[in-house]
Amino acid sequence: MQSDLLEVTSRTDDSSAAVEPLLQIEDLSIGFDAKSGDTLAVLRNVNLSVHAGDAIGLVGESGSGKSTLALALMGYLKRGLRVLNGATWFDENNLFALTRQQLEPIRGGRIALIPQNSGQSLTPSQRIGVQLEEALQLHTALKPGQYQDRIVELLAQVRLPDPGKLVARYPHELSGGQQQRVAIAMALAGDPEVLLLDEPTTGLDVTTQAHILTLLREISQQSDMAMVYVSHDLGAIAQVCNQVAVMYAGEIMLQGDVKQVLREPLHPYARGLLASIPRLRSEALPQALDGRPPAPGEVSNECSFADRCVLADTACRSQRPELMSLPSGERVRCHYHHRADAIPVTVESIQGARKEVASLTPVVSLDNLGITYHRSGLLKQLLGLEDQNTPTVQAITLALQSGETLGLVGESGSGKSTILKSVAGLLPPFEGQMLWRDNERLPETIKQRSSKQLRKIQIIFQNPDESLNPRQTIGEILAQPLKLYFGLSGQELERRSIELLERVRLGSHYISRYPAQLSGGEKQRVAIARAFAAEPDLVLCDEVTSALDVSVQAAVLHLLDDLKRESKTTYIFVSHDLAVVRSLSDRVAVLYQGRLCEFGPAAAVYATPSHPYTEVLLDAVLEPDPDSKPLLMTDDVVELSPPAAGCPFQRRCPQSLGQQCNRETPPWHELDGGHFIRCHLDISKNRRGMSKLPTVELP
Amino acid sequence: MKTVLRDLLSRPSGAIGLFLVVFHLVLALVSPLIAPHDYRELSALSALQPPGADHWFGNDHLGRDTFSRTLLGGREALLVTGIATPLAVIWGGFLGIFFGLVGGRLDDVLMRVVDAFLSLPWILKMLVLIVTFGTGAGVLIPALAFFYGIPVIRVARAATHDVVARDFVEAARARGHSSMSIIWRELFPNVRDALLVEGAMRWSWMLLAFSSLSFLGFGVSPPTPDWGLMIADARGYMSFAPWGVLAPVIALSSLIIGINLTADALAKALGIDRVQKAPI
Amino acid sequence: MLGLLIRRLALGIVTILLVSVIIFAGVEILPGDACTAFLEREAQGKLLENCRSDLGLNRSATERYFDWASAAIQGDFGVSAGSKKSIATLVGDRLKNTLLLAVCAMAAGIPLALMLGIVSGLWRDKPADLVISTLTIFAMTIPEFVTATLLILVFSVWLGWVPGIVLTSANAPVSEFFPEILLPMTVLALVMIAHILRTVRSSVIETLSSDYAQMATLKGVPYWRMVFRHVLPNALLPTINVIALTIAWLLGGVVVIETVFNYPGLGRMMIDSISDRDLPVTQAIALIISSVYVCVNLLADLLSLVANPRLRTAQLQ
């Protein structure tokens, strides 16, 4: 076992060198006993010191061991894991050597955790008030009579509305953002010295995420509480942290000041990671990081990143680099860190802006589409009652040109996936119609569609674990469309399957494997191959990169772009991630509550967002840049259903005109070349150099 | 398949269970060849004799050899349930998958009918049929297959509901595959494991039902040896000839326990057991 | 909330109606009718006609169904084909006795099952759990008549502690059933305990590994407080439905046990009625047992709705 202990103790970080660390991880290795009898490490020789006032970000992709490390900071191991080596020091105690009873006052009191999924981490059978009270009871000297006041104070501190009423609610009655705030309040209740945050904003909408991060940043600035923030999202870490440690395959690869790590990191992995993040201000596709991280136990005496590293040579493959302290204060685990700056971190420097020429033949047009999930019950049908629910999606009018990519963006519940399902025939609309090519009507249900129409429209789903049948081999999966649409069999079938695998950059040996034997990115490639097996004209991409790690995502985006060029395919690309949509789309449609807000060429929409909602959305996006701060233009209320009349965004709009917005459905305005917004506001006041625009019909 | 078997055998419950099941099946096949005495051979003199060198498990109240009768006593039960179990799993499984896929009002109605059938005690349903039509295998097999297929509908439907919501079924529907093709290619392979475990459980329930019926005098008719019937017969002499009860009790219990242990281990090996989770 | 209650109730009623149709149709579809079944070889001429007019079998099937069903709702199940006595009175005492047996088994079994289930879940894979789990498999799988026979052999024949057979008559007061009821009660309770225990165990294990149990630990909640406040309330909720299913099973499974112990309950009466081919009595007992089954399950559904706020919200949406 190697040890980086010396480097840690001799660290010359001027801000904290003199002070004893609050919490220190020393040469910690954690692993589990595999069925084969081997012990596989998920954390390897990790050293980390946390001082008062620190805000350390632990960033890494899935499987990097960052969550295990966060829990290890509290002396906690998930079932099946055990400490192989090292210790967590807190207050001169090794937390792993303490009994549960000895740990009780520390956990939640001196070291508190904000968990990843608050919805599942709050006890479902207890009211919010009871759970907060428990934290106070365990970790403060307050008398029972004082609990109520303190709880209200805590809930107000995390900006939860109406704390008095909230305490009587059950966790499931709150929205995701509210649950997260309750979890923060609970962590703050014990007035901890160290606050651990395990992906606290993952799974929340962008606006909610921006609000929570702003709150966390304020909390960290107001006190000298130390924070350790675990996330896969460099954008989130940039908002809250002043130091970043980059984790890869259970090791810390790089640690340093947030500005240094996010701008000019000295480790090839960190540079590759940065380059693979799509940026809001860049039209280019992010740079893919090929390969996949090693599984636990796969590497021992070599650099774990060597297989994917452009700088790697025999030294990297035969000798594991130490975590070295540099004069600049950074710590880096790389033999060639002095050469790392040869690897570009920004996308512009790799390739120029994409040029896309879309022809003007329409592929599919949606005309005033309305979709609803509500099925009126038998009783209501019998009594002849009108359905009171407003439709999930309404008045969607869009025309797709052959060869273009249309991005559909919006928060959860905006109806973007619902529209895709309707186009695919999985969810018949209740009003409006769809046209295929030259005014050939596209029937609403799969049964009514011709085999050719079915073949020409293919859909790719978000999560390949869900969209690939775990009981079929890759060959069987690809054979389905080939048999159904082209009647292939035997050698011809196999030849074509291998051809497809090669098109998505997978070897022919994948054909006999099962999905469980593939990584997330490989599985999504198979799903893409299956869609392209049908030789489609229109491919519907439903959050296809959302379940993937960012470095894998970049590779999949490249693949999609290449395939489109090769086959002249048209895409509808749905995502909640505005930067991803930006990197791939020619035109963008912004949805709120199932209604279109803004529509136009991607460059125009991103450069001059004109609808208040688009502005809110874009301003809330987190960039992996310590100097960019999200702007909070509106509250982060999650609306469950669209308003019955008027503008869908009326309740949250920072520029609402009141009655007009609440009652009248806003008209479409054309701003310039194909850029439309649907708003009552006088755009000329919003945007320089534009006169009041005439109301137009959307083409 | 091979890995599942290996996993099964690596668990103590699976190894013991599978051993018991295979042991009983082999015994049922070869017992007519190895039984030392004729199971019908009466002898007033040796009635209720304790175990001895010639009659290892003693003799019953009619002087018949208990060891031979115990060896042969599971054949009828294994034959009837061995045929009825796959039948029950096939028809219940198919209906369950079909209605799980189709859903809607028809599915609601079917579930009410299933509920109604399940609310009647099994013994009542079986007895009414037996009293009317007799007790031969020709009645028992279809009756068991029918009644024990009904709970399979529920299991198959629930398992199908879990699968139907997944995107690969949506993807197949969007491509335009027929319902039958979706059932066969997408649903069945994913429901198969649940059905396999359910089948093992149903088998043990059927054996229980079969031997209970025999015990109550509604099953196998004498002089055919059957464990349930043997226990019923020997019960009256239990105070002075307990071996007559113990031999068939041990035989019957070991078979049913064996099946259950196998089913338990199978559920764990196939990853259906929800308590079983990976360490990370 | 009220709408939800009404819907659940309606579903229960529909199920009971369906059961009554199945029971009635079952008898109709089978060859012969109540009279031919009962009279067997003597079923001809005057005797058959008299019997048919006594039981009102001359009318159409639908007519008879509605008469039978509407009378049954008012507690009148007609007359027995054998004794020509009112079925309601015949069944009354037997139902009381079976309920006595069931309630005793439940009173002893449910608390024990919960306790052992929790113990074996909390000490998963430890010696206590291994012993409990192994015994559970035995109790669950060995047929009731085998367990009953073994218990009689040990406790009645060899040790002579308790009577092995019930000799009390059907209409005797409750107190006279003790201690004869002990063995049948134990057999019933054993199977019930095994089923409930298994569910409780896996539910406790699942809840212990939940995110919120982990969070409670990381919040510094002491172990037993976590078990009682965070784990058990959530782990025990889903067992309500399993307990209901087990109770419902108990009412059917009691048939064999009553026969083994000669216990004068509803189950034995059912067997007797089937042996005697007294179809009206069989129909009545079938209807009663399945109604209890449906009601117990309904009650469990409603109880979990009341006890589980999360379920309530989910169902309302």
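Which chain is which? They are A, B and C, in the order written, and residues in each are numbered from 1.
Following the convention adopted for this analysis, a contact is a pair of C-beta atoms (placed from the backbone, for glycine too) under 8 Å apart; a residue touches a chain by one contact, two chains touch by 3 or more.
Worth saying up front: this structure is predicted, and the values here are computed from it rather than measured.
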Pair joined by more contacting C-beta pairs (A-B or B-C): B-C
Nearest-to-centre chain - CA centroid comparison: A
For chain A paired with chain C, centre-to-centre distance based on mean C-alpha positions, whole Å: 51
Whole-Å gap separating chain A and chain B, where each centre is the average of the chain's CA atoms: 49
Whole-Å separation of chain centres (CA-atom averages), chain B against chain C: 22
Residue numbers of chain B (touch at least two other chains): 277
Residues of chain A engaged with two or more neighbouring chains: 78-79
Contacts with two or more other chains, residues of chain C listed in rising order: 209
Chain A contact footprint on chain C (complex, rising order): 209-212, 214-223, 229-230, 233-234, 237, 308-310, 313
Residues of chain B that touch chain C when the two form their complex: 112-113, 115-124, 127-128, 131-132, 204, 208, 211-212, 215-216, 228, 231-232, 235, 238-239, 242, 245, 249, 252-253, 256-257, 259-261, 264, 273-275, 277
Chain A residues within the chain C interface of the complex: 71, 74, 76, 78-79, 100-101, 103-109, 112-113, 115, 117, 120-126, 134-135, 138-139, 170, 172-173, 186, 190
Of chain A, residues touching chain B in the complex: 32, 42, 68, 78-81, 378, 424-426, 446, 449, 451, 454-455, 457-459, 461-463, 466-472, 480-481, 484-485, 530, 534
Sites on chain C touched by chain B in the complex: 11, 14-15, 18-19, 22-23, 26, 30-32, 37, 137-138, 140-146, 149-150, 152-153, 157, 201-202, 205-206, 209, 248, 251-253, 255-256, 259, 270-271, 274-275, 277, 282, 285-286, 289-290, 293-294
